[in-house]
């Protein structure tokens, strides 16, 4: 689809400076934009690109004052970043939505299928499954017996949902994610041979959750593993059995939360971070990338770093000295020598 | 299914205190149990919940003495934890087992299929594959040419087994795991362009092994990558080419063992730990979470921590000082000043 | 297939010492070879195995001088390792190549399918997809709308390629890898509820790239995430949105590169390493396993270690003192005591 500067300006309630008839069919970053695209300028660091960009249209804040001539057509708006985000969302929403149930899907007769759904070829739907309205199940999705998937949720290609799990409304689960596999529970006998502890619980994912590609979320031993509403999990995360991830908590890629740990609301975990089992993390805690949290964190909004992790300021102060350790070692040696000389005088 | 307290007590050889006709249809943790569920009390830390739990039935040790009235019906047994585990296993075993070969599966004619198997829709079975009795292959499982899968083993949804690999009896492979993909072997030429080294070996998984969701186990360059009997691998683990994982060794999630390394028996690796290539790990070694092991560990049953890892006691002693480094730095500076003053006197 | 020593010697332009008619049907490591296999000796560390190996044939360098009798038949060549690699490649190439389009695949009518392709059962191919000549798509592969896959590329079982991505020639993508899932982009509103930022870009994988099992590569927010030609990614890697991985860069398993970071050519990243978002890594940089890179690295060919990472020599010098910290602490304390004593004299 193509849009004129005029049409976009009207949609955004902005003002055209330049050619109102110029057309764009895509968006781009201002520093790498080509002709036929629309870019935006919000961050002053990128101002220099305004005068060299090949973008056909640039959104700018209306209070911005030009320092030289610009070849692109400008659309002046109240907030260029927000208007750009609005256009992105519009582009996303204008994509055609797939609907219909493929004859190449396998659906048990006892399953209940809502209206407006998309069920792709090679989808498997087990017994007593509930698929609510406008759910989208892409190719190779596996939905085992007694699972419920609520309204407007999308399972991308190859997502696997084990039996009895529940996925809320407006969720997006990315390709290859596994929801509800067995928790890692074994009891050693007297010969160190491990006996499996049956994992009889499930996983409950609440509304508005996004789960990344190839992330794994284990079912509870008993009860439920919970991903609370609005939480966002990146790719390749591991969530252990009986864990609770709080509302609007964000976990970057390749992080792990071990069994029975309870993470609060609005937390932010950096990539490759790890949280020990059976602990609590207070609301708003931030964990830096690769940090390892061995113990409960009670202080809300605290920031921790390192393995084992502690307060970020203290970590950074220790780390500065760590880099100087060879020098410190030498100085202690010199002190010892000086002192000996002094004592022998 | 529902069971009365009386029926459960008879099965466990226990004694009912309370209503023998009360019924339960599920199990729960004592602290979160609802009416209609059975819980247990073994850990004294949870004693307080005995008097407030909503569980209909609680298993307790027969030597436990009540401190006040209890609303739940009690079943007194020799060992509450073991009896509870027995009930979990009973519940697990009483689940209906799927059997039969779906007409929506693809099976090469040269494959040999045993009795009592479950082969789900969209399973792919290649040439000369051997599927022994009572094997369960869930939807979207891929079993390539010349693979053997032995008795009573379950491959969950979307498991991929590359050609020529062998999986033992009574194994459970969780969803999305990949067995037998190429090892990471490349030889740089004079222009730093990498030439692939063909990976001609296979993976051999022995009996009673469990492999977690989305875990990857690479085939050997030549010979075999071995997962010895009774080993348990959690989710998202990476096992490199030509690795050997010893009997009853347990590896927590997101850990990696690099190529050609040989891990002993009864080891325990914490989550996100990493083991270097071409080294040996002695029997019974414990590795803490996120630790990185650069060299061979010869001492059996040793425990290591840190990256690069060393003995846990030594690590902890160093770490205590690490947290005090800014203070130590200041003290050295003061010593220097003091000494100068002394010398100038 | 079986080959005689004579036939192999002719192929390699080598000289047989021993039985020219002896046959082998497999390759093996010299230290674990059985009768009927061919091994090689290149590394002097393995010389001792030459005299005890059960291999039927051993390739050796022609300048090697025997110290005692050998039971294996030898083939003397200019460079035993290179000749062995040549045989491995020959073995790999002599495997039968699957071809044809399965009637159990789903292919949209608008897709263009080249010659000599293999399209397995349960493959899904979306609208306007281009599959060039000699491409191999294994079972359960998902290729979404508007994807292009170029000549001689193999997608192993269960690979998922989201819409609009481009995969170059001669690539190998291993089982379960996900190409083009949404980048992890969310903007918090005033209530800390996250709004998804649409991810409208794609992933471009250039020629001769190998991607490991269950690795995830996110699509760009705008523009493209690039994996440049000849790059090799191991299993379970995470590549964030808008990342660029340079030519012939090699990344070991379970590593992550966060969004918008640009990695140079010929870099080598150890396993479980992590690279922060929005930074640049110069050409030829080496990152040790588990290292965490917080900032841009401008110095080409530098080697870094630790979290946060710094120059490897400096890290190692600091680490030596780290292990002695309890002793250093004691020495500082003694110095303080000595000094006090001196001052009080």
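Letters A, B and C mark the chains in the order given here, with residues in each chain numbered from 1 onward.
In this section, contacts are C-beta pairs under 8 Å (C-beta built on N, C-alpha and C of every residue); 3 or more make two chains touch, one makes a residue touch a chain.
Values in this document were obtained by computation on a predicted structure and should not be read as measured data.
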| item | value |
| --- | --- |
| Chains contacting each of chain A and chain B, listed by label | C |
| Interface residue identity across copies chain B, chain C - same or different by half | different |
| Whole-Å separation of chain centres (CA-atom averages), chain B against chain C | 25 |
| Per-residue overlap in chain C, given as positions that touch at least 2 other chains | 122, 140, 158, 176, 214, 236, 254, 272, 290, 307, 322, 324, 328, 332, 335, 339, 342 |
| Complex contact set, residues of chain B against chain C | 106, 122, 124, 140, 142, 144, 158, 160, 162, 176, 178, 181-182, 184, 186-188, 192-198, 200, 214, 216, 218, 222-223, 236, 238, 240, 254, 256, 258, 272, 274, 276, 290, 292, 307-308, 310, 314, 317-318, 320-322, 324, 328, 331-332, 335, 338-339, 342 |
| Chain C-facing residues of chain A, complex | 27-29, 32, 85, 88-89, 91-92, 102, 104, 120-122, 138-140, 156-158, 172, 174-176, 208, 210, 212-214, 230, 232, 234-236, 248, 250, 252-254, 265-266, 271-272, 289-290, 306-307, 319, 322-326, 328-329, 332, 335-336, 339, 342-343 |
